[in-house]
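Next come two complexes built around subunit A: one with subunit B, the other with subunit C.
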Partner chain A sequence: MLAYSLKKLLQLVVTTIGVVMLVFFAMRLIPGDAAAAMAGDTLSGAALERLRDQMGLNDPLLVQFWNFVRGLLVLDFGRTLTTNLPVSDLIRSAAPITLLIAIATIILAIAIAIPLGTVAAFMAHKGHKTLDNLITGLAMIIDLMPSFWTALVFLLIFSLTLGWFPASGPISWDDPYSIVMRLALPILVLSLSQVAILARMTRTAVLEVLSEDYVRTARAMGWSELRVLFRHALKNAALPIVTVVGLSFGNLLNGTIIVEAIFTIPGVGTVLINGINSRDYQLVQVLMIFYALLFVFINFATDILYRALDPRVKF
Partner chain B sequence: MSNTAITPPERADITRFFPVKTVMALRRNRFLSNSKMIGALLILAPLGLLILCAPLLPLQAPLQTNLMAMMQPPSLEHPFGTDRMGRDIFSRTLEGVKISLQVGLSVAALALVVGMLLGTLAGFFGGLIDRAIMVIVDIFMAFPSLLLAIGLIAVMGTGLVPVVMAIAIADIPRFIRLQRSLVLGLRTRAYIDAARTVHASQFWLMSRHIVPNSLAPMLVAASISAANAILVEASLSFLGLGIMPPAPSLGNLIREGQLYMEQAWWISTLPGVVILLIAISFHFLSDGMRQALDPRSRK
Partner chain C sequence: MIHQGEITAPLLDVRNLRTEFATDGGTVRAVDDASFSIMPGERIAVVGESGSGKSAMAMSILRLLVYPGRVVAGDVLLEGTNIAQLSERQLNQLRGRSVGTVFQDPMSSLDPVMRISKQMTAPIMRNLGMNYKEAHAEAVEWLRKVGIPDPERRITAFPFEMSGGMRQRVMIAMALSCRPKLLIADEPTTALDVTIQAQIVEILKKLTSEANTAMMFITHDLGLVARLADKVAVMYAGRIVEFATVEEIFAAPCHPYTQSLLRTIPSPTALNTSRLPQIPGLPPDMKKAIQGCAFRERCRAATDICAREAPALTDRGASHVAACWQPEGLGSSPIDAQPDRALRRNDGPFRDRVIVEINNLNKHFVSSSFLSRTKRNVIRAVNGVSLRVRQGETLGIVGESGCGKSTLARLLLGLEKPSSGEIFTEGLTQMVFQDPASSFNPKMRIRSIIEEPLLVKRKGDWRTRQARVEELVKLVGLDEAHLDRFPGQLSGGQLQRIAVARALALEPSVVVADEPTSALDVSVRAQIINLLADLKQELGVAFVFISHDLLTVQYISDRIAVMYLGEVVEYGPADLVFNSPSHPYTKALIDAVPIPDPAREAKRASAVLKGELPSPLSEISGCTFATRCPLATEQCRTEKPKLRQHRKSREAACHYAK
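Up next is the complex of A and B:
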């Protein structure tokens, strides 16, 4: 287990270095440079050159890279080009909101999808095709609905027509009620597609396990169907489900960018889109790295968890 | 006796008793008897026909504004209604579908070709080439796909070509991985060994054995990728980072309608339904292809 974890950790480190290099050098490929892009038509000649000096763009590329990496290591991400705010402050205020949305979505999706998928598998196993087909068909359609469209339809129905949730308004940590009301719809929208993916995976995994010998044995011992289903079958189907939760985390991060834009939530996604629109490359490169590292770390954790959960894997 | 001489039976006679079918005929039958393929065709064929015939239909041109007919709800004249500048949403949607299909097909083709090339090299040669390719693949796969596309757009700028490139680059690593795993499976097959024993060159092995035998699963992956690319393009355009207005794409149509959700629900919702239909049909297409191309699947 330790050897495996170390190997994965080494891979994590290599990938991290790669991500930082890719983002840094890709940002240098931008036609013109960050200074020109930032200044637009407002500066020219000597003024632009002064700005370049100020931003360190005239240093050798490797020196620039070293300064960038050193900044990342001590969590000093520099200042935004347009508003001159510390990037770390922006992340500190935006990240908790995005993470809250992501975590709440995962919990909600698991709570709905696993019973739903298990029931679908049970129905398929017993030959009751109608309910199973209904659940799998719905899951497919929901999975294919573009999340920004679902979000707009929800906004139209629940905020604008029914008025249950506010469509805009401040989000303050001192006011938990406002957080719940503002984040409820985005979390609901995001969990829909997660439920669709997870329920289908759960159905497949449980259906496979249901024809195993130990399930038949459990039945023969006279356990109730419910106990067999949830204690014996679901427990053994848990492994592929864990993997899918981890893998769909990337999807989830993609989704947060979109729902934040629609519900005007000041999360990391909104900061990123604003950064791109105002050509604030300092901000954009740090946020790209933030997202990538979050994703890579979740994948790492999923890998380790999978190994830890499976008693059959020998080391 | 000459008139009783035995003549070989015509080919048609043989097939009457032993129904021989060519591989292509079998495949064709599998494609056409597949309910999912038919479902996909039932959505895509009329849509394609509509796009082709759009200039002939009595529709307002996609960019034509009409200040006498702003924000009109769906009617016979404007099936999807009009927007705040009186442009016809239906003809704009058709134009958007055209862009969506262009993006979907180009991304799938690009990802398929580059993915097969690099995946075959990595899987077939192994060693240092494999290591180098896979490290780069891992780095690209460290980004959630939409985020990577957004980052690439930030570097390359907006517009049709950058959008196609960005989505394809975000998708290629997955193709490389799939192709590589297929090649690793094929590499040890007996027919590869047989070809090696008669001194087949590396290029011959790859082009005549490896690539054709890995094509079927890769084509299925490409059709999924096309559906995915259409959704990503819509998302990018929706975020204002894809196809820029006034050119209509399904994503920026929805973005434009977002501001008028309360007064004019049709601007955003109806193009969204069209995206959903296209995505479902490509999904059916990939399921149908999987069943039709897999020689082991029997119905």
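Up next is the complex of A and C:
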């Protein structure tokens, strides 16, 4: 287990270095000049050249890269080009909101999808098709609805028509109730599509495990259906489910960007979109790394969990 | 009298059991009107081919069938309690406690993510009312009884850390630990090697006799029946067609199917000079309603009444029933209409022309682990093998799984590159695989499948290729009607014939057949064996026949090479090797094979080869077999014996071969 974790940690480090390099050099490949974009029409000639010097754009590429990496290591991400605010401050205020949305979504999705998928699988296994078809069909329909569309519909119904949840407004960490009310809809919207994927995956995994020989062994030993389901079937089915949760996290991050925009939530997604719109490459590259590292870390956690659940997993 | 009545009451009484599976193609009546009983302590074998309903019957008894299978009618009385009418809760109290179960595949029958200790102690705690500590001690004791070395340590292992044989021991320990009155074992040794099978059979025999546990075991191996059973139920197409004591089944079978089955098994002692009798045709399609006797189309004694009405079980002796309209079944008439052709064997003066020569062949697989790149693991899959195959001869290669016989086949075909050594072949080498169903592209018609090698080698134009394909399909005993079908539409036996036809398309000099009959049912197996023997005779093609089925190898081969841990330990003419083995491993293998003759089985000493195959990673300086050999001496442990000729035309790698 230790050797396994160390190896996965090493992979994490390698991936991180790759991500940082990819983001940095990809940004440099984009045509155009950051200084000119920042200055707009106001500067020209020598003044522009001075700005380039100031921004370090005239340094050799490797020096620029080193400065960038050094900045990342000491958590100094520089200042935004447009507003001249420290990027780390922006992230510090936006990240908790996005993380809260993501984590709450995953938990809600798991809490709904796994029982739903398990029930569907159990019914299918016993030959009771109706409930299984109902759950599977529902999951399919939800999966077909794009989250920007559900977000708008929910906004229309629950905020504008019924007025249950506020459609906009500040987010204050001192007022938990307001946070819950403010984030409830986005979390609900995001978890719907997660539920759709997860429930179907759970159904498939549990259904497959239920026809395994060791489940028959457990039944033959006289264990009740419930115990067979929880002790043997779900534990084994957890392996593919964990994989899917890990992978769908990427999807979820996509979703947060869209939903934050629709519900005007000052999360990382909103900051990112603003950065892109104002061609603030300093900001954008740090945010890209933020998203990538989040995803890499989730995958790392998935791998570790996978090994903890299944002793057979080798490197 | 009342007391006597109590004593003779059956433990399990199955009455008119009927089980059906709803499939897309129609309802399959997997078990039809089965009735039998088991006395306390009695061992009953249920014999039949795949699809005969033997597993479905066993599963029906404990109501373990899953959708779409279900018991439609009948009663199952266990000590007077009707299992068919119990509630789910009552049923769970009986499962595991009164009836233990062992399944076929030990690799998948234990929960892979749960430690053995947990899987074993939980049922003991529940059924015997012990606390965890007592249950743990009990579980360790049972592991010791089933022959697991160092059980205190092994009990904490996960199933994947154990070999198949060890896992099956755990299954048996688990099933017996709650002291059931009945043990149901569904093909308990089919997935195991023959020496491990012998060990498991001994354990089952010993432990069930000690506790007077009755046993119902399902098998297709008549040798195992002779070794283990008191009574035998023979099933065909969902029905019990014959039920009798083991002695009567073997000495005086009444049903034509039983009679045919017994005749299709190669005899282990007689020099096999004639063709193996074969049951013609195929088992019936269970999706269609069967009118009359299900076996009549394959039965030479069938008359009009057999087509009109299904025969019921009638008394044929004190405890012998059979379902056949004919009083004697087949009687003494042959089971198929094939002329009783002599089987020409190549022993005596062998043909001299060597077409395959293997010299000091090695195949080593090297793996290295992540953290210690310097420490390399070397698996010697094939280690210093030298063999010759002569024109028109069949070389049988036998050995337990992991002995390197399949790697040798792959080397012969050029699918693997040897690490060192040489293979010379004259002419082409072709291959027949074990599982015909998965060795064909399911989307290709049979015609294209047979034509493919001709196309690859650009042999002839379209017209000559088609002529060749038609010639080949007839050669393997099928007709042109089969050519336009897809693999899914043919049976396993027919597909294996197609595999042979494809292998012969390019007129190879050698055909390597890796376990070509082990995926087939007993009644079809003889057909393929005869086909290979005929082809050898007609075409002069040589076969390398790889199998773990010793009786079949001995029957079909001219010479046998016995492999152990990548090495050939004995080589010589088939009958001589089989009847007077020189190497202790060969002797152990042959001793482990159950012989389909209860009288001989009873007389055989149960000299069971101890232990399992050592890890292929271990470095063995002396004789590779010394760790398990009953005769091993100090010399064997230090000095490696070379394969040497010790008698005329016979070689063995043993210091003590004479």
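The rule we apply is simple: the second predicted complex is superposed on the first by the 292 of 315 C-alpha atoms of A that agree within 3 Å, B and C clash if a C-alpha of one lies under 4 Å from a C-alpha of the other, contacts with A are read in each partner's own complex, and residues count from 1 in each chain.
Please note the rule applied: contacts are C-beta pairs under 8 Å (C-beta built on N, C-alpha and C of every residue); 3 or more make two chains touch, one makes a residue touch a chain.
Nothing here was measured: the structure is a model prediction, and the numbers come from that model.
When both complexes are overlaid on chain A, the residue A:Pro146 reaches subunit B alone and has no touch with subunit C. Shared-chain residue A:Met27: touches subunit B; no touch with subunit C.
Between subunit B and subunit C, it is B that contacts the larger number of residues in subunit A. Of the two partner chains, subunit B is the only one touched by A:Asn277; subunit C is not. In the superposed pair of complexes, A:Met288 makes contact with subunit B only, with no contact to subunit C.
In the superposed model, A:Asn254 makes contact with subunit B only, not with subunit C. Looking at the shared chain after the overlay, A:Met221 reaches subunit C, while subunit B stays out of its contact range. Contact with neither subunit B nor subunit C is seen for A:Ile103 once the two complexes are overlaid on the shared chain.
Counting contacts as defined above, no subunit A residue meets subunit B in one complex and subunit C in the other. Contacts from subunit A toward subunit C in the complex involve residues 3, 7, 125-127, 210-214, 216-225, 231-232, 235-236, 309-312, 315. Subunit C contributes residues 62, 64, 66-68, 88-89, 92-97, 100-101, 103, 105, 108-114, 123, 126-127, 158, 160, 171, 174, 370-371 to its touches with subunit A in the complex. Of all residues in subunit B, only 135-136, 138-140, 142-147, 150-155, 157, 227, 231, 234-235, 238-241, 251, 254, 257-258, 261-262, 265, 268-269, 272, 275-276, 279-280, 283 touch subunit A in the complex they form.
On subunit A, the positions that touch subunit B within their shared complex are 11, 14-15, 18-19, 22-23, 26-27, 29-31, 140-141, 144-149, 152-153, 155-156, 160, 250-251, 253-254, 257-258, 261-262, 272-273, 276-277, 281, 284, 288, 291-293, 295-296.
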